[in-house]
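Below you will find the structure I want to go over with you.
Note that the chains take the letters A, B, C, D and E in the order they are written out, and that residue 1 is the start of every chain.
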Amino acid sequence: MGVEIVLATSALSLLLIGLALPAEIATRVVSHTAVILLLSMVAVLLWAQGQLPLTFTSDYDELTSLMLTKHFRFDAFALYVKILILFASACVLFIGLGFIGSEPMRKSLYRFEYVVIILFATLGMCLMVSAQSLLALYVGLELQSLALYIAAAMQRDNLRSSEAGLKYFMLGALSSGLLLFGFSLLYGSAESIEFAGILASLQSPSHPAPTMLLVGMVLTLAAIAFKISAVPFHMWTPDVYEGAPSSIVAFLATASKIAALALLMRLLVEAFLPLLDDWRPIISILAIASMFLGALATIPQTNIKRFIAYSAIAHIGIILIGFASATPDSMRAVLFYLCVYMTMSLGLFAFVLAMRSSGEVTERIQDLAGLAHSDAKAALALSVLMFSMAGLPPFVGFFAKFYIFLAALRTELVLIAVCGALASVISAFYYIRIVKIMYFDEAQGNLVLQGVGNRWILYASAIAVVGLTLAPSLLLERGEQAIRVLFAS
Amino acid sequence: MPSLLSSLLPVSLAHYLFLSTSLFVIGLIGLFLNRRHVIVILMSVELLFLAASMNFIAFSAALGDLSGQVFALFILATAAAEVTIGLAILVVYYRNRASIAIHDISDLKG
Amino acid sequence: MDNWPLLSTIIFLPLLGAGLLTLIRGRENDIALAAKSTALWVALSNFALTLGLWYSFDRQQEGFQFVESKSWIASSGISYSVGVDGLSLFFVVLASFLTVLCILASWRSITKRVRDFMAAFLVLESLSIGAFLALDTILFYLFFEGVLLPMFYIIGIWGGERRIYAAFKFFLYTFLGSVLMLLSIISLTWIGGTTYIPELMNTDFSIGLQRVLWLGFFVSFAVKTPMWPFHTWLPDAHVEAPTAGSVMLAGLLLKMGGYGFLRFCLPILPDASQFYAPLVFSLSAIAVVYASLVALVQEDIKKLIAYSSVAHMGFVTAGLFANNATALSGAVMQMISHGLVSAALFLCVGVLYDRAKTREIKAFRAIVQPMPAYARLMLVFTLASIGLPGTSGFIGEILTLLGVFQASPATAFALALGMILGAGYMLHLYRRVFFGPPAAMPDKLYDLQTRENFVLISLVLPVVWIGLYPAPLLNIITPDILPIIATAGH
Amino acid sequence: MIVAIPLLPLFASIIVGLFSRRMGAALALFITCLFMIIASILAISLFLSVALRGFETTITLAPWFTVGNLSIAWAMQVDTLSSVMMAIVCVVSTLVHIYSAGYMQDDASLPRFMAYLSLFTFFMLALVSANNLLQMFFGWEGVGLASYLLIGYWHHKDSAARAGVKAFLVNRIGDFGFVLGICATYKMFGSLNFSEIFAMVPDVLGEELVIFNWRFEAITAISLLLFVGAMGKSAQLGLHVWLPDAMEGPTPVSALIHAATMVTAGVFMLCRMSGLFEYSETALATITLFGAATAFFAASVAITQNDLKRVIAYSTCSQLGYMVLAVGLSAYSAAMFHLTTHAFFKALLFLAAGSLIHALSGEQDMKRMGGLRSMMPLTYLLFWVGVLSLAGIPIFSGYYSKDIILESAWASHTIVGQVAFLLGNISVFLTAGYATRMIIMSFHWLPRFEEKLMERVHESPPAMSIPLLLLAIGAISSGFLLKDWFVGEGSGNFWRASIFVEDYHTALQDAHHSPRWVEVLPLFLSVLGIAAGFLCYQIFTSLPARLARILRPIHQFLLEKWYFDKLYNLLFLRSAFSLARALWHGVDEKTIDALGPDGISTVARRLGERLRIMQSGYVYHYVFAILIGVVVFGAFAIAQRL
Amino acid sequence: MPFAILNEFSPFELTEGVIFSIFATIIIACALGVITVRNPVYAVLLLVIAFFSSAALFVMQGAEFLGLLLVIVYVGAIAVLFLFVVMMLDIRFVARAKLQRKHLQLALLVAGLLLFELLAVVIIDQPRERADNKLTTSASQVTASQATANQVSANQVSSSQVAASQVAASKKMIAKPTVGLVKDILAKKIREEELAREEAAKGLLDNTTELGLLVYSEYLVIFEIAGLLLLLAMLGAIVLTHRKRDDVLRQNISTQHTRDEKARLVDIEPRSGV
């Protein structure tokens, strides 16, 4: 519970500090304190992970402990995912600062509320991940979504940003409406709003799960599928990714997706595991549809952010294979994939945020032409990321896909594994097309990377992607404990 | 007539479910069918939330467990927050676009 | 010094060299010269190491030697284990030998971004040697796939006009094949329980399973070899790749396909290989005849040689699945000889391209006047490519033919037919380019320089030596083939 | 010492070949001729020791390779057969080397020519002395290569280059059969060494060989395959098209390769493998038929040819037919005897023709020769020796070897034998005819070449005439000298084990006491032929033209060399090229690429584009998609429950 | 006599059924009206009516606190907010874009399918529903004649059972000695809580206090998060829409207080200006 409390208090206090400080230095101070705070929390959690199992010895009196443990579970799984979320938001803030400071965004985005909103979103995600009851989950989800609606529309003077915000809001509201109705049906048939209660009602041998619970589950899955932008609920992603300010898109693509997936994992494992053969076909359809649509639709893209949106959908397809096989090692594979995906996306966004062609912020892929001549190191780092995203062996992206396919094949889901393989070939095409643009084409625009911080994050993620192939085990063990706890309940 | 009436009384859980579901569907249709302006969308979202909370209250009454009502309470709170944000974004969009007809919101596509 | 990890050094020394290259600073052409010389030194030392490996490879001991094994991902039992045996030794030697030649051959022909070119080659060498030495299925896949990247860069940056199309076609075609192989490898390691190849060799899998897994491997290696229907990427890749790139492509990458069959399909899935042998025979027969015929009407020399590679590799695949000692050692010899001969042929085409900047056969006539030395060397390689006795080509072809005839005479007929057609297109090419009434050839067709001479002669020697006295190679290869035949036999 | 025989020419060729640029013509000539002379002395002494003292041995120089149960070594098997061949090859090759000194002295790259000649001799010796099929195949292809290089020696002449390629390819078709024969032997006998093969033949007799699921009797299949190899090399009917075109090469080449040595390699191989052929009647029958047909075909075509060297080429082809005919009748020693005598008088004819062409500075067309009787009396006289020996007039060697073949054809008392006897005799008549036509057209009548050539016509220099004289002596004496050894009573212990004849094949023994008319008929026919030749070309010179007009279709048919060349061009070359183009464009580009990579990528691109357009930007489309998703998944969940 | 069946049911149920059907029809009608009417102001008004009637239904079901809350929060705040925005953005009455026939049919089809699916939940589970109701919940369900009051009490009974069991569960946890000042204030408060719980268990409290008890014990954390949520909403609204209009005179309270009067006094001759 510590993380949430610290986050909440710091968000509020930063809000006050921001108000107190003079306008010019407010944002920078607030943002740097936020980053330092988040990173320190990550450090503490990493240390704490070493001390597991985290038994919640209640030195508080029984009432408060009742209060805390009824709706939230602070187990190894929640810890693992929180580390990812906090790290992601810290990085997003760090690489975003340069971006929101640059010219067109400065007027509307360069304000301390931006940081506070992101902190609120992170808080929402942490709550969401460690929720143990439908209500806690809903409130956490709402907190995160609202923060992101605001953030998406935050660039007030830009029509595209407000349109993105509006679209995201409208569809987000619809999805939370679906979610609520689903929860009400779940509550109606399982008589309790805790996951444990739902699980208990499912395990009771009296009768097969009532259809109300099934439809409730379907509606909930639909809403979460919307959050992780799986096909056919993905329609919002490309428009919001293109419209919203890039630093927010970075946050959306990494932290929010990880939180939503962790939420889905906890829901499927802790609440709906007995209904496995009901939701496995649904997840498989989602997976296959996302893989192929994501892969195919990315081919004609020319805007780098829309490109990232569609390729993210393809990645979600691959991750959902892990969900479809629903075994402990498939979930471990998913966690590993999330971790790898996060590092790659952060590196990629660090690059996108720093893209300037003749002073102007640019999102055109074609501007990358001939980057290998002008900025060899950045081009090399980006091509490493691209190859790793495509899942080519000498990089860690391959291992991520490898474990997912291993889990899928172990549960005889051969068809999905083959689809995954084919989709990753299609996706390899557009990833190496970017490498082609950088290395093979002659330089037209004079693309320049602005901001040393972004450049360091880019190099760090490229080195991580290469380094992790040598020792992927250090990520795998941590995932191991998280999953054991999840499946133990 | 009598069978209809007998099915009407006594007022059981099913009746409320019928009501909330139809409200839910109307809300969805509102979202989907209208071609006018965004306000209708916000209102239909409100309808969705109303349907959900009604569902919760009905189940809470049927199961005799208060947590449904607590849930409805929180739905109320979040719905309020959501509408404020929605309208704020709408205002910003209006300032940029001077029109909130659904048909105009299509700059981002492809 | 037995505790020195010889194999790992051979694999990672070039990688280290490539890293070294990036540290060079200075003006444009200083960097180029420094890069070229360091690359050459690294390649030469690596070649020396492989010769040392060959020398200290003891023939009596069967199975894998110089085995190094370190656990890499303990949780899923994947280990970094490398080892060499009779089958993979010569491919490693070939790899380092060809890299030295490539660096020498592209000394003057590559002008832009020389440092990256040399780095790409060193990386290519280390990855391909890694693939030949890997004893862990995942490690093998890592290197097998990794080779695509440097090759993609080489074709893409320094290639001809349609280089981007060719680079993409090459990359995606092979990637598709190997992704299906990944699925087979995964189920193989999962069902077999281990990723260590020697252990997999003596676990026997059910027939039905073997047949499915075999298909996964087959697609990937068929694309890589290339076998008949999957070969269309090769001519494009060769025509567009720079000279040195084609040499490495033909010398190394094609061998990985054959080596893959040898290391995975035959020992680990013997019954499936027997079951699919007729399919492979018919494909190889078609490959030999089809490719030779198509080579007959090519206008571009490099495309002609590319199709000849398809024909030669048709011999290899037929030999591999004939399941007797002669055929298998013939196939390995054919791979080694094809490595040397086609590399030499591509170097010769490179010599012409550097001078006349075109590869159209029509553009050349009566070259023998201005370039007699070149004509003589080219003649030796043409004869080796035809499989004339006294050259390495003959050893490969005759052994394969002897072996394949025992398994399926019909395929032997097609292969023998291929020998005729082979002579047809090669001599047809030779006559059109070198003989004929002296034409007013552009004066820039000067004869071979010392460097080119050195490179080509250093290829002639092994070709003729293997032709006349292949015993040292065969004595190393044959002992390691017998177990493969044994597993298939029981 | 014996090993030196093949290695000497090899060293000569390497030394001259490597330093051909820096070495002068004289030095090259000296080295090659010297090495060849030493080699031929050694060969003759070896032959004498083998023939007289029955010396026999097998020397293994070095192991070649061992794979499984197959172990092959570089070896020399010295027995009568190989020593005879070695002797012939060395002698003729030395003479040609010396002759080339004169013939080619004004050629720019003479060292290259001499190197090729020595290389050829090495390969021939390697072939002849092989003790296993693979080394024989090594020599076989080596000889093919040397002939390709020598035919295409004047590579600035396009026709020469094409002829070289044609020769190599047709030989390669023969090698196709040979290689498959080797593979079949390996499959059946498990080894390729002659000794082991001949030892295991009895227990392989009944075996079957399945090719394309047709069942063949193993021995016959192997023999026929090997015979295809021999056909390719010895220019038998069907695979003979390369021999006439091979005349593009310099005349010494034709003399050495296309008369004495290479073309006889096929016959040698048949004799060497007699241990195998004897067990297959069908194979022997086919061989006889092919031999007879070739003899008749070549003789008939030779009559109409106007190019001097082509006439001799066809006569070689015809004589080869006789040798193969003899092999078919299991009269192997007769074949070897004819091979030896033919080597001498055919080399003589070629070299004489060479000095003629040399004198006329390159003119080969008989219609533009004539009247040289007085200018070149010695060549004219030697030409006659060759012609008479070819026609088979008694004291000349041709008579003895050709007659014994015809007699054994008669004595074999088989239908095939009779057919061979008939065709053989017709060919004798034709041979005599074209031989005399040749000598008359080139030497008699009035000179038909330009004036300016007149003063340059001169008797050939000593370097060219000495070999001619030696060959003439050989052509005359070899007949009666070697008769007893080769085919006479002494032939049993002369050949000893090198030739194996089944005991019930008594064609050769019965030939000696065949009826009187059978011995006289060939002599009568050859005299008749010579008379007809004189009649048509010396006295009634208009007769041949009128005959040609009357028998127009036949004459045209023969002139066009039985349309073989046109047929092959159409049947094989044209169809191969068009099929290749069809495969390349049709299959490679249109089907495999269209369906494979390019096809899939365009489909993916189009799909991607359509999906991109689906993203219309309108919110209600998005809501609709979400609704569809919910409805589909809901229906799916409920369906599970119903 | 169509109304014969009436006497089967107790008068109370009768009235409940009538009231329910009245309000249900109102809600459905208003909902349909909201999405179809052209003028947005009418739409907001219809929405308000729908909220009112659903509040009534809530009260009928015993959740009177929520019903009233609905009225205050939704009608009071949100509906007014809508009106405010509608007025501000002076939305022109865009003629409803003519819906193609094809779209309409498709939409109705999808809506019908969705309705069927969600209702299927009720239809399929109906028989089982009634069956297990009998088993699990207390006798109150069976005798239709129970008055609303005791229905409310039924709720309390079951909820109090639930609450009691939780309290019992928490007792098992070792009550460690509270440390420090904050802790013993809390301890005092907790004792009051336990007192309140005993009464709730006896089912005497009304809905609001019960809800209060529950919210401030188990759902306290979520309650705070909801607070944060509303704060975030406020923050968002400000960030997005607030515009610093400098053409408006603003009071600056702090400077006003700190002004020292003396320095400002200036005596001006008439008609001369400062």
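The rule is short, and it goes like this: a contact is a pair of C-beta atoms (placed from the backbone, for glycine too) under 8 Å apart; a residue touches a chain by one contact, two chains touch by 3 or more.
Keep in mind that what you see is a predicted model, and the values were worked out from it rather than measured.
*Asks:* Mind listing the chains that sit against subunit B and also against subunit E?
*Replies:* Per touch definition, common to subunit B and subunit E: A, D.
*Asks:* Chains shared as neighbours by subunit D and subunit E?
*Replies:* For subunit D paired with subunit E, the chains in contact with each are A, B, in label order.
*Asks:* Central chain, going by Cα centroids?
*Replies:* C
*Asks:* So which one's got more C-beta contacts, A-E or A-D?
*Replies:* A-E
*Asks:* By mean C-alpha position, what chain is farthest away from subunit E?
*Replies:* D
*Asks:* Would you kindly tell me how far, in whole Å, the mean C-alpha position of subunit E lies from that of subunit C?
*Replies:* Their C-alpha centroids are separated by 74 Å.
*Asks:* Averaging over Cα atoms per chain, report the distance between subunit B and subunit D in Å.
*Replies:* Chain centres of subunit B and subunit D, defined by C-alpha means, are spaced 98 Å apart.
*Asks:* Starting from the mean Cα coordinates of subunit A and subunit C, work out the distance between those two points in Å.
*Replies:* From the centre of subunit A to the centre of subunit C is 44 Å.
*Asks:* Between subunit A and subunit B, tell me the centre distance in angstrom, where each centre is the average of that chain's C-alpha atoms.
*Replies:* 28
*Asks:* Residues touching two or more other chains, restricted to subunit B: which are they?
*Replies:* 17, 24, 27-28, 31-35, 41-42, 53, 58, 62-63, 65, 67, 70, 74, 78, 81-82, 85, 88-90, 92, 103, 105, 107-110
*Asks:* Quick one: which residues in subunit E touch 2 or more of the other chains?
*Replies:* 107, 110, 114, 117-118, 120-122, 124, 129, 219, 222, 226, 229, 232-233, 236, 240
*Asks:* Which parts of subunit A, given as residue numbers and ranges, touch two or more other chains?
*Replies:* Touching at least two other chains: 135, 139, 142, 146, 149-150, 153, 156, 167, 170, 174, 178, 185, 211, 215, 238-239, 429.
*Asks:* Could you please write down every pair of chains that are in touch?
*Replies:* Touching chain pairs, listed by label, are A-B, A-C, A-D, A-E, B-D, B-E, C-D, D-E.
*Asks:* What residues on subunit B touch subunit D, complex-wise?
*Replies:* 28, 31-35, 41, 102-103, 105-110
*Asks:* List the residues on subunit B that touch subunit E in their complex, please.
*Replies:* 1-2, 5-6, 8-11, 13-19, 21-30, 32-37, 39-40, 42-44, 46-47, 50, 53-54, 57-58, 60-67, 69-70, 72-74, 76-85, 87-92, 94, 100-101, 103
*Asks:* Quick check on the complex: what are the subunit B residues that touch subunit A?
*Replies:* For subunit B paired with subunit A, touching residues are 17, 20, 24, 27-28, 31, 38, 41-42, 45, 48-49, 51-53, 55-56, 58-59, 62-63, 65, 67-68, 70-71, 74-75, 78, 81-82, 85-86, 88-90, 92-93, 95-97, 105, 107-110.
*Asks:* Which residues of subunit C touch subunit D once you look at their complex with the stated criterion?
*Replies:* Subunit C reaches subunit D through residues 169, 172-173, 229-230, 232-233, 235, 290, 293-294, 296-298, 324-326, 329-330, 366, 368, 372, 383, 388-390, 394-395, 398-399, 401-402, 405-406, 409-410, 412-413, 416-417, 419-421, 423-424, 427-428, 431, 434-438, 468-471, 474-475, 478.
*Asks:* Mind listing the subunit D positions that touch subunit B in their complex?
*Replies:* So the residues of subunit D in touch with subunit B come to 612-613, 615-620, 623-624, 627.
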